[in-house]
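Naming follows writing order (A, B, C and D), and every chain is counted from residue 1.
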Amino acid sequence: MRRISVGVLGATGTVGQRFVELLDGHPWFELSAVVGSERTRGQRYGDAVRWHLGADVPAYARDMELLPSEPGLPCEVLFSALPSEQAGELEPPLAAEGYKVFSNASNYRMAPDVPLMVPYVNPEHLAAIPVQQERRGWQGFILTNPNCSAIPLAMALKPLQERFGVRRALASTMQAISGAGYPGVPSYDILGNVVPYIGGEEEKVETEPRKLLGSWNGDTFVQATVLLSAQCHRVPVRDGHLLAISVEIDGAPSETDVLAAWEEWTPAVLELGLPSTPERPLIYRAEPDRPQPGKDSMASDGMGAVLGRLRPCPILGWKFSALGHNTVLGAAGCSVLNAELYFACTEGAQVQSAEEGSPEREIV
Amino acid sequence: MRRISVGVLGATGTVGQRFVELLDGHPWFELSAVVGSERTRGQRYGDAVRWHLGADVPAYARDMELLPSEPGLPCEVLFSALPSEQAGELEPPLAAEGYKVFSNASNYRMAPDVPLMVPYVNPEHLAAIPVQQERRGWQGFILTNPNCSAIPLAMALKPLQERFGVRRALASTMQAISGAGYPGVPSYDILGNVVPYIGGEEEKVETEPRKLLGSWNGDTFVQATVLLSAQCHRVPVRDGHLLAISVEIDGAPSETDVLAAWEEWTPAVLELGLPSTPERPLIYRAEPDRPQPGKDSMASDGMGAVLGRLRPCPILGWKFSALGHNTVLGAAGCSVLNAELYFACTEGAQVQSAEEGSPEREIV
Amino acid sequence: MRRISVGVLGATGTVGQRFVELLDGHPWFELSAVVGSERTRGQRYGDAVRWHLGADVPAYARDMELLPSEPGLPCEVLFSALPSEQAGELEPPLAAEGYKVFSNASNYRMAPDVPLMVPYVNPEHLAAIPVQQERRGWQGFILTNPNCSAIPLAMALKPLQERFGVRRALASTMQAISGAGYPGVPSYDILGNVVPYIGGEEEKVETEPRKLLGSWNGDTFVQATVLLSAQCHRVPVRDGHLLAISVEIDGAPSETDVLAAWEEWTPAVLELGLPSTPERPLIYRAEPDRPQPGKDSMASDGMGAVLGRLRPCPILGWKFSALGHNTVLGAAGCSVLNAELYFACTEGAQVQSAEEGSPEREIV
Amino acid sequence: MRRISVGVLGATGTVGQRFVELLDGHPWFELSAVVGSERTRGQRYGDAVRWHLGADVPAYARDMELLPSEPGLPCEVLFSALPSEQAGELEPPLAAEGYKVFSNASNYRMAPDVPLMVPYVNPEHLAAIPVQQERRGWQGFILTNPNCSAIPLAMALKPLQERFGVRRALASTMQAISGAGYPGVPSYDILGNVVPYIGGEEEKVETEPRKLLGSWNGDTFVQATVLLSAQCHRVPVRDGHLLAISVEIDGAPSETDVLAAWEEWTPAVLELGLPSTPERPLIYRAEPDRPQPGKDSMASDGMGAVLGRLRPCPILGWKFSALGHNTVLGAAGCSVLNAELYFACTEGAQVQSAEEGSPEREIV
């Protein structure tokens, strides 16, 4: 793949930092613009950022100059880590101008011509982009990734939907503090406590997976019929969202059937050999007390979901636990993966078809 | 009420300590025996116990001598804080010998002639005691209190069952470390983590409320038909079990109907004026982010349940949060309340009927 | 004592809330003004405050109207829980106007005519008030209480200073998050972490105890000669500041000598029978692993200091641990106690001298 | 270096696990024996161990069979992660039999013929081994590594000692729970709490650095004269021991002098190119709030110490913070490094002297 220049909007925030970390040494993407606010304009990235991911800002990004969000950013792709209050206004003009915007913000996730994607789950939604560009008259586009709790939920349901069909699922989430950004949750609220409320979260968990599990009919997205109910909690955990899920599956599959569906699931995207796909995006652990955020969040380098504890649910049929890293796959990592998928499918053809066929054809 | 001499089995453990705390200054019960293991026999209570509830062992108990669990304990009532491994063997001979055993252990909770009681919920189950005594040839009896997560679940469902009928309920619990006793959960397992498994807990939460919400037919207990499903988690919280509950109620009640059922619920036991009943055993909080274990566990002095966040569940109809203190109402406090109820109903008649009728008649 | 009308400046903040809690049912002081910002002006206290101390705003204060900080506040005393940024400007005009201002803010603590007081330690500093009033031409006055870590340090040193003399003390503090107010410390910074820095704290801990242990010479405060060094840390604890102290005492006292100095210390203020003095403001615990913030912060209702672990220090002679509740005695409680002392000494004479002599004479 | 076969004593414990992790892919050492207790004899390592370091037991060790601690272990080196209760008895016969025992246990650390070593600090103590072997008649030997808090303390003092001389140092430690092994600290004791006591720890921190900073005179170890005083605390942190240190240095060095001593310190061992030495074993961070265990424990892959906050101490001259990973450099990592040093110095000569001189000569 050719080197592709990328920028990060909201580069000093917690998700922005994760982008900077994930792009360090990326084989396709070259970070050429870190974009901050008017306030940080012109500052050195290493000076302006309060770094949260380990000890130090990656060396390659320290001396970059923070740019304001204005036309003329020196890159082709923009990864957006903007908060919703800003994303709504800033992203569309950039997409119009020609930037390929891969956004974490929730503003356009449910728009009828904007893909909401997890490459493992619905890579075929890429097909909406030309329609989006045509309808909106944009040179670029916006492609979004989902809420951090919606991802492991959708990943757990996808293999079941494919093989059996899924009717209803109930999820109770226990979400890490890093999901709230920085300064985020005051320690006074969460130390030794659980807060049974995260503003707007339950709505996202109940709607976004239906789009992810749905289809693109050439004109709009058709949502999956699965009915979802969520109760969201903040817990004193640093990284990793854990979900307790009960699910009603068509056709009364046995435990063996369900486990096989998960274990045999091979998302088509894995065949593309993208830089950020792990070997196993979905892991089932057989121990009685897993997954745990403290032990399993970084499974598959944070780019997968970990399931466990499958057992009968007296009400809906089956229940189990699911876990996903909320700021890697749950945020910046999913954006990067979406961008990798996009370029593999649109440009990879030329490069790869000569060598090993066009696996991406099977996807889009 | 006359002064009634009581003893505590397993007095040095965490639940035993809670008994010693709650019995400090109790108007009816006088602690006259602290019972430990063969190892602590003869030691001063204040020396043998590693006290966990605040700074100091209550002064009144410090100099008591730890007795072994043998016949001849100098008391009429025994509050049992024994672990299951010991309760199974030790409690029956004591009950046979004539002790009134109020037990926290799970061993006999589901036995067909042993009451499993929360006085707010099923005081009429007291009626099983004479049958138990006759069938087993015991002079005393065993009366049990439920699992600490089962209590707030049963208390939330009871008013709904009474007014509408309840078909199904799904609960995801987030349980405090104090529920595991001492040393209990290793810090290495739970600091900054959530463990999606507590051995044997889900079975208890799925079965015990059905007995609590069921009836005594003069011969055996008839379980309520409500279908329950539980997923239990340990969280890094000190005290207070939080539950995320979805419930299917008969007759499609409105939000107003459900709130009214909870707010108007007046358990008959409140009329008895027992020493340990709070003014309001069931509290509904209207804030969007309550109940929280860190703020609400000690509501009603730890002897009540706190509900909140009632909202529609797309799957079962209604969902909400419930919280109960796991070692006060969830353990020792419920035993003490059961004992108060027992004496009010069996001996209170003589005292109270002269003054103000026999409210307890309405109960048993 | 006559009923004295009091107000709280900064009433919605965390220290302000502690004032509202401590003044609930106070036998002398009647809360007649809760003062907030221009933004909350006119709001009901119960609506404007985000309550942190347990489940609910005390009932007596819920319906009070928040007043702005303007002349004409309906009270005689003002307890100030203002942050430093505001206290510097707002307190002096109020003191000038005639209010008796008891302040938690650090702005005037080290001023040469403003008492910095812990009633157990230096009640005689009250004598500076008339001088302050005369020099500044104020009708009222400002009297301050110290930094929350300085208090247990000063209380531990005072009996040693009185009996032996103290030359040098080194303290390493481990301070609770509640000391930073709300929202205060982001959970992302402190969950599972220790931060070896609290802005401005070390300077306060190194200077304030010298004023507390010093004297008022009729004209200015003479600081004690003890040399202090502090290293301050934030730890993931809710309430209670713990200090590891090494101290160099004059005259090489034995362990027995030191313990006796602490145990026999009877601050003169205890004889005044003030409403908020506990029976024992200084407690020494003999266990090897105490004091602990989780167990000992509320000793003496949070109005005392708890010491422990006295053992030889190879460098300075003796080392030990000290603990104090940072928002009770460490903030609002000390202000209330200072105010009680003030009124007992200035007005108590008339009341008490008839009955039982004038113990306050021994103090001022 | 030739492949050297190694075994781990106490392989299923937390330090044992760290050995198994660090030896994964080690270029010199090949794990050929995992040694457990009589109880786990014959079990598969992957089945017997409750793995704490991330999600999974390293693949290479899963199928190894646990051996009992008996003669005939199939290896040349034994890394001992045994608890003191067992190390005292088990290690000497193994050393006598010919095993090179690198031990974490405290039993023989202060013995006059047993090296207590951190390769950065006192590699020349290796010279005691032939004397140990001769006096004890052993074919093998015991070489120990220090207490986990003693290491960062000694590493911070070493450059100051070398350049200026160090007279006295006071340290208050805040130690992570992983230092207590598993199950270790009960969560009930430490969640939201600090415990000002760790059994035996202060003695170790006050004595071991004196041996580390001392010398081997050909016959025995001569301790450094620096006087040490320690206060040790357990804090709710997972990994990383933080120390607040005050130090009295000879010759009144300036801040620049002290910083230069640290920054210019180049331990001779770095020149040997050992597999486990990081580029910078001692890092000074200039930010006002570092080092923090949550951010800096894994600096230099956990094999270094991180310093910060150098500022004047009114009592001893200078104060600062120091941090070290307690189970990497603080335990297993130091043993591995000691073993690497040993082989580089005893066998490396043949290999390396041909190529690039014998830098190890400068060390021993």
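Operating definition for what follows: a residue touches a chain if its C-beta (ideal position, glycine included) is under 8 Å from a C-beta of that chain, and two chains touch if they have at least 3 such contacts.
No experiment lies behind these values; they were computed from the predicted model shown.
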Of A-D and B-D, pair with higher C-beta contact tally: B-D
Distance-maximising chain from subunit B - centres being C-alpha averages: D
Euclidean distance of C-alpha centroids - subunit C vs subunit D, Å: 44
Mean-CA-position distance for subunit D and subunit A (Å): 41
Gap in Å, rounded to a whole number, between the CA centres of subunit D and subunit B: 50
Multi-partner residues of subunit D (each touching 2 or more other chains): 191-192, 236, 238, 295
Residue ranges of subunit B touching subunit D (in the complex, touch as defined): 14, 52, 177-178, 182-192, 236, 238
Residues of subunit D that touch subunit A when the two form their complex: 54-55, 191-192, 295-296, 298-299
In the complex, subunit C residues that touch subunit D: 168, 170, 172, 174, 191-197, 206, 227-229, 231, 233, 235-238, 242, 244, 246, 288-295, 308-309, 313-316, 319, 321
